[in-house]
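Heads up, the next two complexes both have chain A, just with different partners, chain B and then chain C.
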Partner chain A sequence: MLGNHSVIAQRGTVQARVMNGYTGLIFNQIGAPIISGNQQSYNITIHDSRTLVLEIAAPARTPLMIQIQPITEILNHTNSPPSSIPFAWEAAFCNEGLNDERMARNQAVPLDPNQNNFQFEMSDYQNLPGNPAPVENRVKAFLYVYGRLGPIGPVTPGYFTNSMNIEVWY
Partner chain B sequence: MKTLLLWYTALATALSTARVWGQTTPTNLPQGTLRVSAQVRSLRQFYWIRELPPHDENPGGGRLGYFGSETPLTLLWRNGNGPHSKVQRLHPNTWVNEPTEGPLDSTTKALLGFTIQLEIE
Partner chain C sequence: MKKTLATRILLSLSLLTAILVSQQLNAQNTGVINTNLNVGATVLAQLKLTNNADVQFGNLSATTPGHVFLSPTGSSHTNTGVSTSVGKFTVEGSTTGSVKVTWPANIVLNSSVGGNTLIYNLQVNGNGSDLASGSTILGTGGLGVASTADITLVAGKYYLYVGGKVGGTAGSPANLNAQATGVYSGIANFRAEYN
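So, the complex of A and B:
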């Protein structure tokens, strides 16, 4: 699972890691409980602290592929058949040669959620104020994953979950 | 800045593209699984006990009690279908005074038909 150990992949000259000790895309929010039957939707946007940030470091011009195996719902398995809540994933990435995650987030381009496979090429480093210099000639790209939950129908209360696979190829 | 963003409908297409780039086989970094989760709660219209003062000379001076459970609850005071007017923590088997501030005096409650909903924490 993406999360407790930040480095998820390192092979050859390409590295990929999840930032900030991520533990999952968790929609719970203090003070805003998700109530069965309220028909509301809950969004995690790219600028939300709960957004998954996947950092990829590779030499400039390296071609990369990202494959996302989407899910369309999260489930409560305590009853049969399981209750479900619609989930729509969203993602964006930045390969603008920005090694600073905050700068990259503002430049990230949304991905088409109707597609599952994405290809891009690592850009050259941008020599801008505030952009950290490359380490070992690797520039960074960032993938952001977030999404929308709901509307919340009259489902059985409880813990809803599902898993979504993300693969990086080079 | 040149950004190349293409998509492929099948992994086979991606594999053949990688060969064009000079690799015979693309390398797969270990895949990760992103867990998506949420805790869904229930909101019920719940029974409660409301005890008004004997002569109601002190509007809003009644008290509420919640009995029969060990689970703490939160009272959401509403004016009809309007937004929450007040949130009040309520522990089981303990009386609490009704809120007296704002529009939540007993006269207003009687006129507008306030209801109480209890949210299970």
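So, the complex of A and C:
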């Protein structure tokens, strides 16, 4: 289980959480500088610590819809017009009745990036060794969001950013 | 038995009420949880390392009373020739980029005559301003030992000044003692990369 969560929202019987201190899908990494014009791409994979982990806790059989407002680029607004770098989001979802995040991550199924809406029904808890028991009858599902940045063209150096909106409907 | 109009209306109203109640129950436990995911990256300017000047010790005596030292600060050389040159590189990149610079702690200089060699122990100084006299020694271990340093670009630039000593062995400079005459030269490769 993730040990360090902050609750985004709790309405009725459904909770959604991300890890405390999570600042986003930030591609900066020591030893792998992103350099203007190098034409390289940079990946954050599902197993990367920078991946967004959205934990959803709800009673079994609760129908859910996840809606991802996609972005296709990140921008440096210090220029006019802003310069941009291509960004391709990727996501995976685990709804296998696993309350342990590490177990869930290994079972997560990639989502089709050509779609924006995904419908699920919360699964029943799986009574497996190492799978923590449900709390208040809520079983967990996990959404992982990661992606690929680049290729990096001859853009003006600086900080590039954009925001993706993720909604969980129930 | 035929239903009267009043009964039909009553049934219809009851059905409508039932539908409304049903919809309210369905709506009681629905909602949306919303989160924004920030995606970001810092893009750095291309890093450039430019060789502005080579190292020249000048004409040396084959035997010297002390170490032959070319100071990277540009002054206080000892036992060098009259015409000398401190080596210089300019590192250019992002405004306040953190850069790792590496160089050989020492190299072998080869004579233009025969197979004679001379050891050159490098000393590399650095400065955020283009001023050799204000530069300070880089790396750990100093002359002939240091071979890497982390530097921070100032307004996108940083300057390296290269001097050192010839004579002795790698890491242990010594006076020249009946050194075979000739023109000695070699190449020291410098490398710069973002941290």
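Convention: the second predicted complex is superposed on the first by the 164 of 170 C-alpha atoms of A that agree within 3 Å, B and C clash if a C-alpha of one lies under 4 Å from a C-alpha of the other, contacts with A are read in each partner's own complex, and residues count from 1 in each chain.
The rule we apply is simple: a contact is a pair of C-beta atoms (placed from the backbone, for glycine too) under 8 Å apart; a residue touches a chain by one contact, two chains touch by 3 or more.
These numbers were taken from a predicted model, which means no experiment stands behind them.
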item	value
Room on chain A for both chain B and chain C (clash or fit)	clash
Touching partner for A:24 - first (chain B), second (chain C), both, neither	both
Winner by number of chain A residues touched, once chain B and chain C are compared	B
First, second, both or neither for A:109, with chain B first and chain C second	first
Contacts of A:166 with chain B and chain C, given as first, second, both or neither	both
Which superposed partner A:36 touches (first chain B, second chain C, both, neither)	both
First (chain B), second (chain C), both or neither touched by A:13	second
Which superposed partner A:135 touches (first chain B, second chain C, both, neither)	neither
Which superposed partner A:155 touches (first chain B, second chain C, both, neither)	both
Touched partner set for A:126, first chain B, second chain C, both or neither	first
Partner chain in contact with A:97 - chain B first, chain C second, else both or neither	first
Listed stretches 5-13, 59-67, 149-157 or 167-175 of chain C, narrowed to the one that overlaps chain B	149-157
Contact residues common to both interfaces of chain A (with chain B and with chain C)	8-9, 11-12, 14, 16, 18, 23-28, 33-38, 42, 52, 54, 71, 74, 76, 85, 87, 89, 145, 147, 149, 152, 155-170
Footprint of chain A on chain B - complex, ascending	1-11, 13-14, 17-18, 21, 26-43, 119-120
In the complex with chain B, residue positions of chain A that touch it	1-3, 8-12, 14, 16, 18, 23-28, 33-38, 42, 52, 54, 63, 65, 67, 71, 74, 76, 85, 87, 89, 95-97, 109, 112, 115-121, 123, 126, 145, 147, 149, 152, 155-170
Chain C residues touching chain A - in the complex, by the definition given at the top	28-47, 94, 193-195
Residues of chain A that touch chain C when the two form their complex	8-9, 11-14, 16, 18, 23-28, 30-31, 33-38, 42, 52, 54, 56, 71, 74, 76, 85, 87, 89, 145, 147, 149, 152, 155-170
